[in-house]
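Listed next: structures, encoded as structure tokens.
The same chain A turns up in both complexes below, where it pairs with chain B and then with chain C.
Now for the complex of A and B:
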């Protein structure tokens, strides 16, 4: 059943959630950008561009302590958070990114470091007229505890888990609310990028993309690694040790498959020894290897890499060129 | 650490029992877990060796699980961690995670005539299988060991190369790419493929296992096919990749959709031959 709420009710709901969770909500620190900030905030940015940094960073941050090694060879694990996180304002693509990492990090052996932050976290989607200039964003449809669908001057609340229903239980029902049209509109929005990815993936599988294409794309790459840093499904990391007094803190740090050292082995052998190979790997991994391994693309069509890339070779720009040339 | 809070990234303490020089670049480390447990490895698996301040490195196990009370690692000095490891003396404590990875398919190899081919420090991981076969003579009645190194000084396990010839049903030949003029080495020279071409095998009842540097694979595979080793589950190989975590999370060892640390490092040739960058 759909519930309805206005801005005061939303603030009241968030206050109640903040009493139990470490709540983060979208804010707009500068025009054209939004990020998740700890509650309370002066003003919630209830519509605008995709959240940046990517929300998956809440559970898989850029640097994350794995453990601390004592001088006596003891091992100390990081403490779990005092209160679990609650993230509000997640778009459908954000939630799909989190679901992708959930599945990746829970594949045996489960990654306890990720799960320590993710376990018990509350996810709240935001859909409907909440994009840039209130552009319509597709309904989340799941992967969260509940979502708020922006329409008119308020929101419809839709629970996707029993926990989500618990938080919405005291809100009034949205009489006469009907999601049929919104679902249809969402399906259209979701389908278009999926079709492009599917066409590009097919060409890759059929080996119809020559090396020349990858060399050309690689020549445009400035190795800023922005595509990896903003991608909600990128999960590669390296490990480093940091001396802390007599202890050593071992932590993981996001890594980028665009860098020469990514796969270079101690012997000097490098299976990804050219920029062209690494560029192909970035796209092939998301569109062919991930579906083969996990049953779905490693791209949630959030558009972040296209927005971040200074030379126009984000995944959509690249797929458009690829499809136009080789279909 | 509270065992209830076990982490997949937490190393177990182990003590260095013995260190042996194998070559100027390689040492053999004998270790025992401090908790007294056996490591429980299968031939072909690896561990993540941890040194505080130097992070971790994947190192293949060089000893068979049939040798109880310790495990051994053959380590080439190639970076910061292995450089630090080479400085350690017996009694030192290090961290170990694992064993990890897919082992050699013993169930398939059992009863077959085996061609075990190693290049360079690839003999260390293959040694775990050689020892296992030697400890189960009824299961592995015919084993040919072929080993190639760059120079006489690079030959690892030199005494064992001779000892393996004494095991009933075993043969062992080794060769070096180059013999310096000043060397007193009087063994064979040339590439390992030359030794392979001289061996007579029954291709219908044989399997080959290759562990070596990446440039070795294609010519050795071609030589094995000339010997008639074609079809599925005939050629098994161990792939070298950078593995930062050992548990399929860090992403550095992917070969298209495969994770070398979980799906490998041991593969049947047909599983990876068509994957770009695998060989």
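Now for the complex of A and C:
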């Protein structure tokens, strides 16, 4: 059943959640920039561009301590959060990104550092008229405890888990609310990028994309790693040990498959020793390898890599060229 | 758990990207590019993306250290500051104030540069202050000030979006100013033409209409040869030359020596290539010249800059969108350090110390007498220290042991000093030689303003607390100013900027209140002024643009039988200068963790060097080991070394011969011998 909320009711709901969770909500520190900040905030950014940094960073930040080894051979793990996290304002693509990482980090051997932050966290989606200038964003339809669908001056609350239903239980029902049309609109929005990815993936599987294409794209890559840094499904990290006094602190740091040392062996040999091979791999991984392993693309069509790429070769720009040239 | 995001300016290159530093419980966890910023536009390069990584490195300096009996021992701040002041003032009293030298830094804020130059001049009575611009764009500051009246980039980064043609000469832009390099790539994508003049096959060369692989050090010949073709073929902008320039006839006469045959012989290029470049450049309605160290770091660096300037004047490519002479400044605040007068001959805004009216203005503001004679350049100060003429030095955030040419000489010079104080964030190779080391806050731990390559003044903001007892540079400098008996009770950097604005016409309208909104490009003479994206619009800063007659001078140390290869040095993409920050940033150091010598496969074959083999590289000044990287990126006869690595310091080899006017060393050309280990 759909519930209805206005702004005061939303604030009240978030206050109640904040009493039990470490709540983060979107704020807009500058035009064009929307990020998750700890509650309470002066003003919640209820619509706007995609969250930056990607919300998956709440569980898997760019730099994260894994453990500390003492001189006495003791092992200290980072302390779990006092209260579990609650993230509000997640778009459909953000939630899919979190679901992707959940599956990746819980596949054996499970990653307990990720789980420690992720376990018990409450995810709250935000959909409907909540994009830049209130542009319509597709309904989440799942992957969260509940979602709020922005429409008119308020929101419809839709629970996806019993926990979600619990938080929405006291809100009035949205009389006569009907999601049929919004679902259709969402399906259209979701379908278009999926079609493009599917066409590109097919060409890749059929090996119809020549080396030359990857060389051309790679020649434009300035190795900023931005495409990996912003991608909610990218999960590669490297490990750094630092000697701090008599302790060794082990951290992980987001890695990037565009870098030469990503696969370089100690001998200097590199199975992915050219930029063309690495660029091909990044796209191949997301569009061919991930579907084979997980049954879905490693791209949730969030649009971040296209915005972050300084030379205009994010995944959608690249796939458009690829499809135009080889299909 | 507290989480915050602090908007600040990237500490690496002069492009001026902004990002949010993300912190969790007072610890930096990452970076997010500023989406709405006119330069970053939601994008960064790999160094920007990793700019948080070194900040809490365990090697950070956390307390003042004084050398006692050969060992560094922790000291109290007051004792350390008293010692700095007593030693510097004693040396000044014994040997005269000009026995002191102050090195400022293009890594610290405008306010901090201002305070250090005030300390040198008003506190200790010497104009001996300089910073690493001496090693990078001294030639530009001298050359363009002479030809145009201002040594800064004439146009803005947004001009890349409207230009028709870009001539990149001596700038590996995608690696050294990556977010400017990406704009060039985007410009090419939308149809702009690109000429790259660089001996190395840099990434931009793959996208160029024309790649001129001339011999290092032959730029004057190439640029004068192009000018000659333009004039011979009547492609010059007559109206511009007549209405806006002077000294044209002398310039034209000087070109007699640059017939294409000679130019081709000097540069190693084909006559047709040179002709094609000249026609392409002159044929564009709007053409930008972009240059960097490949132009400036020569014993004829100022002549190179003059030659660049000539070409733009000749074709009227100045003062309009999409044109201009665009020296790309290296460090995030090298423009600002120059603007703030961390130079031996000028106060802020390039106001000359020799001008008695100007001197009187600063004297009155600071309440003290000021020295009249211009001071010593950093490169000369190293020589003077080696000769025992400079006795005491204060080095703020620089690492000359790795950054200056001829490391052997630098080491002798620093060791010979009676007193060396170093203020830094890490125990650098230079700090190891100091009498006393003061721990400083890094960019993420202090407020300040920085001026980017396009003269954009913007804020840096504190995101986390400095480690241990480390203090911000401006606090340290205020404490020293006070010990000199000068008023220095600024509440914060904003108050220092207010003082700068009252004394500096080009910064007159700049205040922190103003910088809270959009950044602003100087000149910005008053609070109501919108700033100046394009210089020299109706006329040049000096009035007429001045043509410079030139003659060709070869590089000083060219390959010969004993040292048969030409060594070119510079930066790599993943590291920054002396590596004190990037080599402590895991991802960057993982990517490139050792010094590699780029050598052409045919040269390697002749020398029996295998891929990845360790080699010795020897010049007349030193010898280092490096791993051989066989690549056609360098032309035959040339090898390339980055200068980031203490364990294989390129500057142990480089030649400290200087440009006579700008005092810049010839980092781009010396002769070496390479042998397998």
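Following the convention adopted for this analysis, the second predicted complex is superposed on the first by the 327 of 327 C-alpha atoms of A that agree within 3 Å, B and C clash if a C-alpha of one lies under 4 Å from a C-alpha of the other, contacts with A are read in each partner's own complex, and residues count from 1 in each chain.
We take it that contacts are C-beta pairs under 8 Å (C-beta built on N, C-alpha and C of every residue); 3 or more make two chains touch, one makes a residue touch a chain.
Since we're looking at a predicted model, the values are computed, not measured.
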Clash or fit (per the criteria above) of chain B with chain C on chain A: fit
Chain B versus chain C as contact partner of A:255, first or second or both or neither: both
Partner chain(s) touched by A:311 [first = chain B, second = chain C, both, neither]: second
Contacts of A:69 with chain B and chain C, given as first, second, both or neither: first
Chain C, chain A and chain B - angle at the middle CA centre, rounded to the nearest 10 degrees: 80
Which of chain B and chain C A:7 touches, first, second, both or neither: neither
Touching partner for A:57 - first (chain B), second (chain C), both, neither: second
A:15 touches, of chain B and chain C: first, second, both or neither? neither
Partner chain in contact with A:37 - chain B first, chain C second, else both or neither: second
Which of chain B and chain C A:224 touches, first, second, both or neither: second
Chain B versus chain C as contact partner of A:240, first or second or both or neither: both
Chain B versus chain C - smallest C-alpha distance in the overlay, whole Å: 11
Interface residues of chain A shared between complexes with chain B and chain C: 238, 240, 243, 255
Residues of chain C touching chain A in the complex: 1-5, 7, 20, 22, 24, 28-36, 42-46, 48-49, 52-53, 57-58, 174-175, 178-179, 181-182, 185-186, 189, 203, 206-207, 573, 586-587, 590-592, 611-612
Interfacial residue positions of chain A with respect to chain B in the complex: 66-67, 69, 73-77, 104-105, 107, 109-113, 235-241, 243, 248, 250, 252, 255, 257, 262-267, 269, 271-272, 277, 284-285, 288-290, 292-293
Residue ranges of chain A touching chain C (in the complex, touch as defined): 22, 24, 29-33, 35-38, 49, 52-53, 57, 61-64, 81-82, 219-220, 222-226, 229, 238, 240, 242-245, 251, 253-256, 259-261, 268, 307-312
Residues of chain B touching chain A in the complex: 1, 5-11, 13, 50, 52-57, 76, 78-79, 82, 93, 95, 213-214, 240-242, 244-245, 247-257, 277-278
